[in-house]
Each structure stands twice: as structure tokens, then as C-alpha cells.
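In C-alpha cells below, several structures.
In the two complexes that follow, chain A is the common piece, with chain B as its partner first and chain C second.
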Partner chain A sequence: MDVAIVSILSGISSGVVLFLVAAGLSFVLGLMGIVNIAHGAMVMTGAYAGINVAKASGSLILGGLAGALLSGLVALLLERGFLRNLYKLHLEQILVTFGFVYIIANIHLWVYGAWPLSAYVPPSLSGSVTIGQFSFSVFRIVIIVIGIVFCPILWWVQDRTKIGAIIRAGMDDPEMAAVIGINLRPINIAVFFTAACIAGFAGVIGAFPLGGVNLGLGQEMIFMAIAVVVVGGVGSIQGAFTGALLIGVCTSLAGTYLSKAAIFVPYFLMIAILIFRPQGLFGKS
Partner chain B sequence: MKGFVRKQVVVFAVLVLALSVSPFSSAQAADAIKIGGLFELTGFLAPIGKDARQGAMVAIEQAGGTLMGRPLEFITEDSATDVPTSMDKMRKLVEVNKVRIIVGPIFGGSQDAMGGYADKMRVPVITIPSGQNSNILKNKWTFSAAGTDESNGYPMGVYAAEKLGYKTATTIGSDFEAGHEFIRGFALGFESKGGKILQQQWYPPGTTNMIPYLVAAKNKADCLVTWWPGRDAFAGFKQYQELNIKMPIVQPEDGGITGNPVANKHLGNAVVGAHSTVLYSYLAKTTGNKEFVAAYKKKYGVLPSPLAGAGYVSTQIAMEAIKKAGPDSSQKELKKALIGLKMDTIHGPLNFNQWRIATYTTPIVKISPELVPEIVAQYRVISEVVNGKIKYSLED
Partner chain C sequence: MKFNKGQLLVFTPAAVLVIILVVAPAWVDISILSLLTKILIFGLLAMSLDVVFGYIGLWSFCHAALFGVAAYANGILISRFDITNFFLVAPLSILAAAVAAAFLAWIALRMSGIYFLLITLALGQMIFSVAFVWRKITGGSQGLINIPYPDIGIDFSSAGFYYFTLIITLLCGIALHRFLKSPFGYSLQGIRENETRMIALGFNTWRHKFIAFVVSGAFAGMAGILYTHYNGIIMPRGVDMAASGLIVIMVLIGGAGTLWGGLIGAGVIYMLSYYVSLVTPERWPLILGACFVAAVIFARGGIYPQLCRLWNRVITPKSGPANPEEG
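Moving on, here comes the complex of A and B:
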């Protein structure tokens, strides 16, 4: 029983990190129609910078803010410099952002070296709780709580605020939104920036359940995030949350009970959703 | 028009004649001895690929950049821990750079893919770490400079049963050929001394969440056998420590990490007490090791890792083979020189058998509380191909 409990909790903590990464990707795709393959690289950018700041300052909050800000700035450069000329050109977007995955990874290789970077865990959160024969880290529990807190906040912004209404209008019918006088351009930029900030923050706290940060993190995270968006539905916070937890927990349980099958879980879920509910669990048909 | 064309032909002919006697002509470029190097400088094996390249560069520098009085060109490429990239780079090294012999890469998938091409082009490939069994059996121009994956796991199995007294084991390995072979080698050695494998788990390469596999490991086993290559080891050891698992870890091979003093600083006390077979130890009292360690530390500021030592030896093997065959020898003569090559190396005495598998001295280390990989045993494994399979025994 303790094996199953620890496996599920581990899957939830990984799922929360995936949610934070995928939520932003989902909104960028839904609102701007941009397929940003470099979104995973924003996770890596925030993680490397934020963890180094956290270790130097002894503050996870400062590290999280630093990581978020740097990721946001890199995303702004990418959007203003390149992507703004490629709206509606999906193939070109994929090619450009894919190229940036390698550029960003190699910049990190040059700046930080090839060795993985271990996570920063504040001393006050370095304890553990006992679950049967295992210890389970307090920091993982904190990550789960962060996810539980973030989800309703983002949902509230999406569903209960004027800015959320504008974003939803832009996703549903950008032409009509423009006709009634909504200028979507600054909204698009703000969403792109915010999505990257959240991804960068996810990298800082997510380094712990991910076993550290490495140069391949960008590519690893983007494929999983895309799977979450497909499963949960584009442009939906509740979809991203549900999809991420589903993938995290199912992958973890598969690893525990069917070790070799774990790699297939996100893709089986994607295939099942595409067959039975192509718009995703919470997406609009 | 005819006159114009005739003029062009004459100019072209003069150019060709001039180039053929110029300092840049192919005749004079053939004087240089060219060795190719394929290293994982990016991708999930990047940390250890870089070490291997650094070790190789020390070997080249110690040779003074010449071999048998001729300029020595060591042309390196990044294989990116990726099979298609490895193939592209190998083709470039062979067909464009005209190298005679290739050192590397580390990644077994790349070695396997390159083996067929090496056979076709008759270019020996000297692996840096151990070679995969299937690769050695199938491809006749691949030379495994550090035994095979199974032959590295084998002595750890013997040691775990005989010296550590373990009777049962549960295993977690990366789910690709090298992972299976290292674990299989351990199992062969362990079971030959009466040990029993209770359970085997395989995780997808590059997995960052090892917890599902760690919690599923049967805790009634005496030891946990893990093969975590490259960055997988960081998640593995940290999460093993996080879960407070009591089973001691033994590794059929350190994945380029556990025996690496730089990596251990990043891992911290998560790795203390683990036993592992390593390709090379900077503490080994072997011929030339003191000089190699000094040269490496002077150039790079850190102690050499197992892969640095392996890169150094593989490059020395390449140079020694060319010396033995002669700089103008045919590729067939070069291959013959490699088979039966005997050298004193920082791996201890090394020799290739007829199946192109090297016997060398395999250290087993235990990580001390000071994070030093201390040598606790050494073995020499003899590998022989019998009825299409590789069999192992220990040299007395």
C-alpha cells in the first residue's frame, strides 16, 4: 500500500510541474495560435538561473522570481524578434522555435557547463514524512500545494476577470474581438510573457521532482507539455491541470507496476483522447 | 566562342597542375596521419563525452602532435548522443577527412549503427568504454577497448556475492541494449557464485523520475543493482536518498558518474557507500597513470574521470596500432596490428584477443564519506566467443 501511495504522490508532484509548464503553452496556442516548441527551453532557462540565484541568496522565492523574469525576457525577445512575423505560419513557427531550443541549450552549455544542476531545497523544507517503509520529502508536498493553489488562481483569472474574458474572446473569435475594439496585440504579448514566466518558475521548483536540471530538459518538457495540452484541451486551465495530473500519476503507476510501459503512457492517453474526444477533456469542439 | 572555351580549358589544366605540386596538394596532405574522434559533446551523455574528449586530447598532446615523424591530425566531431548525427559525422570523418581509424563514441546505439559502415569502409572503430556484445559479434571492424558491457558487469556480480556476502539482488537498469548487457553481466557473475536475482526493472532512458522504480524494488533483496548512465544517475541517487531506501547500491558500471570525482561533488552524500565497477580510476597504480593524472589536472584543473581515462587509452591504442602497422600500411594491415596488440596502459596491461575484445584491469570502487572512489578490488576478465556467444572468466 505504501508503494502505491508514494508512487501516486510522486506522480502528482511531477504532474503539478507539468501543469505549470503546460498551462502557459495551452494559452499561447489557444490565443495566439503559436506552436512554441521553445516553451520547454523557457523551463530550462528559468531553472538554471533561478536555482543559481536561490543557492547564492538562500531564498527560493528570490530564485523563483529571478527564473521567472529571465524566462519571460527571453520569451519576449523570441516573440518580438521572430514570432510576430510568423503568425498563422505554423510550419515556420515550429522550425524557428525548434531551432531556438538548440540555440538556448548550447548557450546554457557554454555558460553553465555540461553537468546537471541539482535542485535548491530550502533548509526549512528539507525534512520528510514517513509513509510505510519510505520517506517522502516535505518539499514535494509543498510543490503539490503550490499546484493546488495556482490552479484556482489561474482559473479565476481565466473565468472571472475582465482580462480573462478578453483572452477567451481572443481565443474564440479574434476577428470579432477586433471589431468591438479589443486590441489583442498587447494581450498576446502579455500572455506570451506570462506563460514563459510561469514556465521558468516551474523549472526552479520542478528541478527537485525532476532529479535536477540538465541541458535536455527543454526537449523533454515540451513533448510532455504538448501531450498535456492534447489531453486537457487547448486554452483551458482546468484541462491543463487534469491532463497533467492524469499523465503524471498514470506514468508513475505504470513505472511502478509495468516498468517498461511507462514511456508509452502519455502517448496512449493522447491517442485515446484524439480518438474519443479530439478537443481534449475540457477543450471546446 | 570556341577560342574562349579553349582558353578556359587551358587555364583549368594549369590550375590542376599547379595545385598538384603546391604545398596544399593531396600528395603532401597524405603525409599527415589522421585519426578521427567522435565524442558526445551534447545530448544526455554530454558530461561524460566531454571528459572522454579531454582524455583523448591529453594523449595527443603527450605524443607531441606527431606520430612516427609525421604530423598527427586528430579530427574530433560531436556525435550528439544521437544515432543519425553519429552516422553523418562518421561519414564526414571517413569520406571527407580520410581518417584511418576512429576513436569513440560512447553511446552504444551509435556504436551499433556505425559498425556496419565501419565494416564496409574498412575503418577500425576503437570504442571508448566497453562495446555492446551484439556490436562486437556482428561487426568485424569494431574494437572494444574496455571489454564488453557484460564483461564489466561480471566482476561486480562476483564481488557482490563473494566479498560483500550478498545472496539476493533486485535490479534497475536503463532500457536500452547497454543497460541490459551491464545488468546481465552482473547477473552472470552473481549467479555463478550462488546469488539470486529476485526482480529486474527497466526504465526508459532519460527518465527523471526514478521514484516509481525505486519504490517497486523488492526491499527484501540484499542489494539494489542499478545502471544509471550519465544524467540519469543524478535523479537516481538523489531520489534513492530521498526515499531513505536501506538496500545498498552496487553498480555493474558507474555510467561515467559514480567513479567521477567532479560528478560526486554534485551528487553529494547520496552516493556515499555505493560500490561500482569503473572503467578507470585515477588512484590506480598502473603504468603512466601518475603522469596522465598530472597532465590532465594541469590542463583541465580537475582529476580525470573514468571516461577521461578511457578516452586517453582508446586514443593511445589508435596511435600504437598505426605505429605497429606502419603509417603507409593498408587498412587490412592496420586491423591485423590491432588484433593481438599488447600495451601497458593506465588500464593496466591491455591486449586484444582474436574477437577484438580487450582484456584489461577492471577496478571496483567504493565511494567514501569524503566522496573519493576508493579501489577495493581489481579483476581481469577474459572474454571468449563460444558458439556465437561471449563467455567470461576471471584471470587468476
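Moving on, here comes the complex of A and C:
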């Protein structure tokens, strides 16, 4: 029983990281129709920069902010420099972001070298608690708490604020939103920027449950995020949250009880959802 | 078959290109020959992708994985089961790729547009994961090594294998061309232009897309078989999302919906890769990424239609209006 509890808790902590990454992908897709393949690379950008800053300064908060900011800036460059010229050309947008996966990974190789980077865990959070005969690291609990804080905030922004209403209107019917006088362009940029910031932050804290980061992180994260979006449905916080936790917990449980097959869990969930509910759990048909 | 003068002129560049490819081994050194072989193999893969990508408008991002299924099937049959006869192994491997394509299509055809792309991308990565995890059979991250040249009863030199690849690529290209010029092939373009109308006309568009995807997967598999023999090694890295993206960019550089453009796209990418790697191998991914961006921004529509336009301008004044060799 304790095994199951530890496994579920660690699944939730991975799920929180996944949620932070996938929520951005999902909103950018829902609002702008862009599949940002470089979204995983944003996670990597934030992780490398943030962890290095955190290790140098000894402050996880500073590291998290630095990672978030750098990811946001890279995203801004991507959107302002390239994607805005390809408005509504979905395939072209995807390919540009795909090219940036190579570019960003190679620049990281250039700057940081090929060695993997271990996660930064502040000394005060490096302990662990015992659950029955198993230990569970404090940092994972911190990640779960971050999720508990973040998710309701994002949910509130989506459902209860004017900005959220504008975003939802933009997703439902951009033409109609424009007709009633909403200028979606700044909203788009803000969402794109914020999505990357959150992804960068997720990279800094997510490095721990991921067991360190390497140059393949960008690819790895984009798959997980795509799986989350397919399972949860596009363009909603609740969808991203449910999808991420479902995938996180199922993968963790499968890892505990079935070992190697665990990496297929996201795909199985995705295929099952596609067959029985193609629009995703919370998607609109 | 009899050609009139206009048709002959239209086919001249293709004939010249084939002749150049046939005599090339006498003139170039072994590394260039190897490069040409690689271009032909990936050109075939890009052409197979173009069937679904350019002609139906299904943005498949999993063709490196389908290529990989046949490549692995080929490698496994040869190195694990000692079945070496090409005429036995190749059909089995192609069958494996076609079955995988059927499975992926069955799932992914529930979606269209960017969602189709997302699903195929993820499903392709699932195949990569199988190759990565199933160590006993696929060799895990080390892959399968020491796969010899195909066993068709003669000894291969590298020039011999080049000709083998050239013949297969041309035959497959002609087969795909015939497939796309059949009524069925035209119906695919109809689906791309207006699927609703095709449904109204009574076409079972799902079945058409499904069949085209499976055919495309089978030809991708043929390229995969050639690749294992060419490289001698097949590793998971060769079948991942990055590889699939590379094929897509080849199709776009060559020109989507032109079939033969795939060969040109493969040529551009691998020529560039070869010469850039001579100068600065570690920066190649950076330049490749920049190629993606540049191809999207500057080369929309691709090279092949431009070449056709150019050639038509050259021949038109002399021979009257020639049919543009469209795809």
C-alpha cells in the first residue's frame, strides 16, 4: 500500500510539471492555432539557464525567475521575429518552430556543452519524509504544492477575469471577437510569452523529478505535452490539469509495477482517448 | 510508346539527370558516391511521404518511423534470424511497414490538419520508443549493426549497391507516379482540394486516405530496407521525430505535391549536410534549423515547380506551348 502511495505522489509531482508545460502548449494551440514544437525547447532553455543561475546564487526562486524570463524572451523573439509573418499558415508555423528545436538545442550544446545538468535542490528542501518504510523527497512535495497554488490561479484567470474571457472568446471565434472590438494581437503575444515563461519555470523545478536535464529534454517534453493536450483536450486549464495528472500518475504506477512498459503509458492513454473521445476529455467537439 | 517532340523536350531534363546518375560512379570518389546513394534512399522516402503530404494534404510527421519499421524488420530478420535472401526479407519488411502504416492511419485519420500532424508525431515517437526499449530484439540505443549488402546472389561493391539503389528508387518513383496519375490518384487530389465535395460525389474519402497512407508507408519501408543495407547500422535515433521532420522539410524544399521534388529536396539537404560537415560538423544542426526557417519563409512552393517553370520558358518559344510538367 505504501508503495502505491509513494508511487502516486511521485506521479502527481511529475504531473504538476507536465501540467505547467502542457497548459501553455494547449492555450497557444487553442488561441493562435500554433503547435509550438519548440515549446519543449523552451522548457530546456529555462532549465539550463535557471539551474545555472540557481546554483550560482544559491536561490531557487532567483533561478526560477531567470529561467522563466529567458524562455519568455526566446519565445517573444520567435513570435515577433518569425511566427507573426506566418499568420494562419499552420504548417509553416509548425516547421519554423521545428527548426528552432534544432537551433536552440545546438546553441545549448555550444554554450553549456554536451554534459547533462543535475537539478538544483536548495539545501533546506533536500531532505525526505518517510511514508511507511519508504522515503519521499521534500522537493517533490514542494512541487506538488506549487501545482496546488498555480492551478487554481490559472483556472481563476481563465474563468473569472476579463483577460480570461477575452482569451476564451478568441478561441471560440476570433472573427466575432474582432468584430466586437477586441484586439487579439496583444493578447496572443501575451499568451505566447506567458506560456513560455511557465514552461521555463517548469524546467527549473521539473529537473528534479526528471532526474536532471540534457539536450534531449526539448524533444522529450514536447511529446509528453502533446500527449497531455490530446488526452485533456485543447485550450482549457482543467483539460491540461486532468491530462497531466492522469499521465503522470499512470506512468508512475506503471513504472512501479510494470517497469519498462511505463514509457508507453502516455501513448496508450492517447490512443484510447482518440478512439473513444477524439476531442479529449475536456475538449469541445 | 511514341512521344511527340513536345513530350520529348519535357522529358529531356529527367533523361539527362538519369544519365548523369548512371555515369556518376565513373567520375566521383567513394564518399560522393555514398552521398548520392543516401540522397536516392532519402529521396525515395521523401517521395513516399509526398503521396500523403502533398497530394492529400495529410501532414504526416511519422514517415521516419514507418521507414524505421521496415529498416528494423529487415535488420532483425537478417541479423537475428539469419534470413538473408533479399527477395524474401524485403517483402516481409515492406509488409511490416504497411501494417504499421495501417495501424497509424486507423488511429490518426480520426483527425485532420495540425491535429493529424500532432497524432502522427506522437505515434511515430511511440515506434521510436519500441526500438529504444525492446533491447533484446532491436538492440536498444546501440541498434542493430553489421547488416551486409542485400543478398540477391551477386557480390556488391559500393558502386554496385549505388546502381541497385538507383534502379529501385527509379522503379518506385515510376510506380508512385503511375499510382498518382491513376483515377485513384486524382481522387486524392480531389480530397485535398475539397473533401466535402468528394464525399458528396459519393467517394469514401476515409478509405482513399487510408489506402494512400498504407501505400505511402510501404514505399517508405522500401527506403528503410535500402537504408539498413546502405548504412549497415540502424539505430533508434534514425527513426525519431527529428528524422521525420527532416523528411517533411525535404518534401517542402523540393515542392509538396510534385512527387519528384522529394529527390531534389533530399539532394539539397544532404549536399548541404555533406559540405557543411566538412567545415563545421558540430554546427550542422544549427544550420539545419536555419534551413527549416529559410525554406518556410523563402522557398514556399519548393524548387521543383520553379525548375519546371524555368524549363518551360526555355523550350516554349521553339516548340509551341508545352504542357507544364505538373504534379
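To be clear about the criterion, the second predicted complex is superposed on the first by the 285 of 285 C-alpha atoms of A that agree within 3 Å, B and C clash if a C-alpha of one lies under 4 Å from a C-alpha of the other, contacts with A are read in each partner's own complex, and residues count from 1 in each chain.
Keep this in mind: a contact is a pair of C-beta atoms (placed from the backbone, for glycine too) under 8 Å apart; a residue touches a chain by one contact, two chains touch by 3 or more.
This one's a predicted model, so the numbers in the text were calculated from it and none came from an experiment.
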Clash or fit, chain B versus chain C on superposed chain A: clash
Contacts of A:S126 with chain B and chain C, given as first, second, both or neither: neither
Touching partner for A:F134 - first (chain B), second (chain C), both, neither: first
First, second, both or neither for A:S57, with chain B first and chain C second: neither
Chain B versus chain C as contact partner of A:L109, first or second or both or neither: both
Partner chain in contact with A:P278 - chain B first, chain C second, else both or neither: second
Contacts of A:V3 with chain B and chain C, given as first, second, both or neither: first
Contacts of A:K260 with chain B and chain C, given as first, second, both or neither: both
Which of chain B and chain C A:G212 touches, first, second, both or neither: first
First, second, both or neither for A:A227, with chain B first and chain C second: second
Residue range of chain B overlapping chain C upon superposition on chain A, of 4-12, 40-48, 76-84 or 238-246: 76-84
Shared chain A surface residues [contacts with chain B and with chain C]: 105-106, 109, 260, 263
Residues of chain C defined as touching chain A within the complex: 59, 107-108, 110-111, 113-114, 117-119, 121-123, 125-126, 129, 133, 240-242, 245, 248-249, 252, 282-283, 285-286, 288-293, 295-297, 300
Complex contacts: residues of chain A adjacent to chain B: 2-3, 6-7, 10-11, 14, 105-106, 109, 114-119, 128, 133-137, 209-212, 214-216, 220, 251-257, 259-260, 262-263
Chain B - residues contacting chain A, complex: 41-44, 46-47, 49-50, 175, 201-204, 206-213, 215-216, 219, 231, 234-236, 238-239, 242-245, 262-263, 266-268
Contacting residues of chain A [partner chain C, same complex]: 29, 33, 35, 82, 85-86, 90-92, 94-96, 98-107, 109-110, 219, 222-223, 226-227, 229-230, 260, 263-264, 267, 270-271, 274-275, 278
